[in-house]
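So that you can tell them apart, the chains are marked A, B, C and D in the order they are listed, and the count of residues begins at 1 in each.
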Amino acid sequence: MFFRTDLAVERREVFKRANNLNDEIDGIKIETSLLDDIKITKVKIENEKGANALKRKVGNYITIDINSINNLSVEKEREIINVFSKELKLIINEHIDKDGEILIVGLGNLNATPDSFGAKVVENIEITRHIKLFLPNVIDKDVRGVCAIVPGVLGTTGIETIEIVKGIVENVKPKLIIAIDSLCSKNIDRIGKSIQISDTGIVPGGGVGNRQEELSKDTLGIPVIGIGIPTVLDAATIVIDTLNICDIRINEDELVNKLKLNKFNFIVTPKEIDTLIENITAIVSEGINMSF
Amino acid sequence: MFFRTDLAVERREVFKRANNLNDEIDGIKIETSLLDDIKITKVKIENEKGANALKRKVGNYITIDINSINNLSVEKEREIINVFSKELKLIINEHIDKDGEILIVGLGNLNATPDSFGAKVVENIEITRHIKLFLPNVIDKDVRGVCAIVPGVLGTTGIETIEIVKGIVENVKPKLIIAIDSLCSKNIDRIGKSIQISDTGIVPGGGVGNRQEELSKDTLGIPVIGIGIPTVLDAATIVIDTLNICDIRINEDELVNKLKLNKFNFIVTPKEIDTLIENITAIVSEGINMSF
Amino acid sequence: MFFRTDLAVERREVFKRANNLNDEIDGIKIETSLLDDIKITKVKIENEKGANALKRKVGNYITIDINSINNLSVEKEREIINVFSKELKLIINEHIDKDGEILIVGLGNLNATPDSFGAKVVENIEITRHIKLFLPNVIDKDVRGVCAIVPGVLGTTGIETIEIVKGIVENVKPKLIIAIDSLCSKNIDRIGKSIQISDTGIVPGGGVGNRQEELSKDTLGIPVIGIGIPTVLDAATIVIDTLNICDIRINEDELVNKLKLNKFNFIVTPKEIDTLIENITAIVSEGINMSF
Amino acid sequence: MFFRTDLAVERREVFKRANNLNDEIDGIKIETSLLDDIKITKVKIENEKGANALKRKVGNYITIDINSINNLSVEKEREIINVFSKELKLIINEHIDKDGEILIVGLGNLNATPDSFGAKVVENIEITRHIKLFLPNVIDKDVRGVCAIVPGVLGTTGIETIEIVKGIVENVKPKLIIAIDSLCSKNIDRIGKSIQISDTGIVPGGGVGNRQEELSKDTLGIPVIGIGIPTVLDAATIVIDTLNICDIRINEDELVNKLKLNKFNFIVTPKEIDTLIENITAIVSEGINMSF
């Protein structure tokens, strides 16, 4: 029934359209706001009914949609960073104390541009855990301890991400994880220009379609905040969008199934994906740093 | 009338199908051979008639199709390198003397995985020009002088590739250029697994759709051999292939035009494109080195 | 007679010490200022006498010394950028009109950390020439046309930097060049923490000791502003500094000569050079962007 | 009493010279062989006496010295790989069964050229663990399961290497670790041209002087084979070598102490270290792959 998308906000739209719903989905609460041209949509999945509808866990999913990401003025960039950082801080503080140590996990593959977002953000995070441990005098007491790992992908490590992260959690004992990854969207206009924050964890490789065991409180025992940006489109999306342009109507379920059977193992991404990722990485990493 | 493809061998197929031709196209000569599972197809465009049909210049276009590129045995890899190197050597020797200096141009964008092929090959080329100039005693006299440049892309340099290469040709005065780039194919099975060699030059950015002024004897005054591998599919290809799977027939011309009007500025590439490029880069760079 | 150093301010000190000069060197004018803890020293070589003393060309050499580069506050970083940008702007405006196009040349070797500074700065420069040429409507008329090239090093291209840059100058016809490179200092405290701006050009490979033909008005026909940061120490420096610590006096000329004869082809660089370069790159690239 | 060096073979030489020993050190057994110009030296520390003398653990230390690493012929390179692989295989088979799973740990900092060796080797290791787990039919039963991790450095992760590796060992349960790192030598001729294999573990950051808790059977519970190549010289080495050239005799202990007091936190490395590392990485990674 679904186009492939990792954004709760899009899964909700598709469900409503597929079921011809005018009212809100049972078990879903929605809240939108606009700050200049920055759109914030908060999807709350309140119970199992909502979870079944969106095929996502009970919890909060915040999407920040930016209108344009290239050639931002310094002020505009600052505004976006502030909006994102404020939302992230709220969600962090709901789960841990002010001095709880945080582990950042940069998911994805540094060697494949559309999948490199998570690892690139980590490069720009200010790491403080070792300073607090070994040189506590040179750092402000109020700064949180932050550490980070880029676990790599199954194809180059032979190890599932959950196995690496679980081991670090057991030895380092952080209070919360922020896991960062590329996502898949069904909307061309969101690629490189939207940020989803959720407090229900993340599934590594979701965006590029190599799904592994999720990182979440259920699997790791501590809260996992997921931060994702859409960097790829599902191949089915582009086919169906094209057919719409051509005024051809087809049974979308059937199409998606046939694509699956034929193992279309392709990603669709904008030509300027390297620049898009560079721009959004600067915003997300700065916003994360500001939250600590 | 065409799907977008940079491979002469595919443009010929499409032309024949579109025109319901059973005989060979007027002005085109074709020659195929098979070495184990390595398929070599030589398309010769003999005159303007053939050139108009394929919308490519008069000259030679050799395509080497490899069946599989992952987990090659050492022997298989060696066989592919030998086949490629032999064809390249033949085409080089048709145009210059044994001691003519060669300039390698690695086109594309190192920061965008599917477009990074040209630059990555250059990293593995054995550069000898400066040794022949400054330390002639330490190098075998029979080795050709080879130099190389990675000019970068318009978006990060602000300079067209032709402006950079023209300047180097004027100052360094090589006898021949080998220009290496990513290409666009209409056939999923060729991505990362085919090599096209041509003696008619190359259009930078062809594969990823940011076409610039060609590098060729016409623009640079010396022969330009193009080496390309398909790393991306045209978005139209994936749409039409999907419709075929679903048994939907549409007017393909109309579809391509509509996609153009809607500026679908996307690339379609396999998920494992980073591994594919790593493997084919090793083959192409080793094959080029062996040709000198 | 000299320790190896690329900084005019250090060459002056060494000359004065070697000649027991209390007064200023004939042909040299010096001007210093202090902004908080940012020290600016302007060495003007006024005539051939001064040029012979410092073995540098007649012209201006501005050194900005930063006290500390790690963990800068946002305000401190902004202050340093402003100081640097102001000096750079002054020197640019002395040589060309407000709308004169500028070519940035990022010298050095991206694969060798201490030599990667020039290439890394270029990655962060805002390139506008192609936008002004092809999309003049989307860009402010007052913005200068800026283009850039990373020519690579002789060992990986086989082409001298001057040959590449000369060709681009002839084809692109910029009005001024800004060339950026790593330098060699004799003072440990300056590594990664000083910026030299000069209007007399630059010698590629100076810092790492592979000197090539200079980029300057004499060789290229247009003004060349050099921007360099010290990233390496000469091996002789560390030897002599050590001997001073141990209170051993030796004839320094003799030492330097003996080191030369024994071809000590080593570079000495701080352990944290990757972090130092990352920090100073952010300052220099932002400062350059602000100057246009 | 020691120059800083991580090579057992050099520590033995220094100890013998410092103590004017003509006979072998008590507790040390030495064995040398020569294959063409490839020199193999096996230092066996047999008991605590030997361990105290060399300040290294009881165990085996094999050093392979290559005469020249640039411009190797294909045959010569193959010969070196075979020698290295044979020694590595012997030492692996002493500790685990033929089908025991191996974890490769690539130590060091990918962003600092002389410290990037360990991480670069891992990029070229054939990873098989996930294939054996998820697609057992596509892989030869006799191939060992191999997985790998590049844990990063304390400064960019905030986590000590031992904490990351311990966690993976607990979750993945490999039978043996191969840990790869850059080392420090006191001999200029060994930089980039020697390989040390030992079965006593490795201290992360040893080469660049940021020593952390060792990876060894004592700390991890499974055997740890260390593979290192010298990529840096200690600063004291270059000073003392220079003084020898100048025929100046000093008390070396005093010098080393004074350098320590003055916190000379510098690394000394050849100018062409990027090329040296590229060459030796190809040999070591191929040799490791052949051992499985």
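Throughout what follows, a residue touches a chain if its C-beta (ideal position, glycine included) is under 8 Å from a C-beta of that chain, and two chains touch if they have at least 3 such contacts.
Treat the numbers as computed from the prediction; the structure is a model and nothing was measured.
Annotation: the chain A:chain D pair of sequence copies touches via predominantly the same residues, more than half of the used numbers being shared. Spacing of chain B relative to chain D, judged by their CA centroids, is 42 angstrom.
Note: centroid distance chain A to chain B, computed from Cα atoms, is 37 Å. In chain B, the residues that touch at least two other chains are 155. Because contacts link each chain to exactly two others and close back on themselves, their graph is best described as a ring.
Of all the residues in chain D, the ones that touch chain C in their complex are 109, 111-114, 155, 188, 208-210, 233, 235, 238-239, 242-243, 245-246, 248, 250, 254-255, 258-259, 262, 264-275.
Residues of chain C touching chain B in their complex: 123, 127-131, 145-152, 154-160, 163-164, 166-172.
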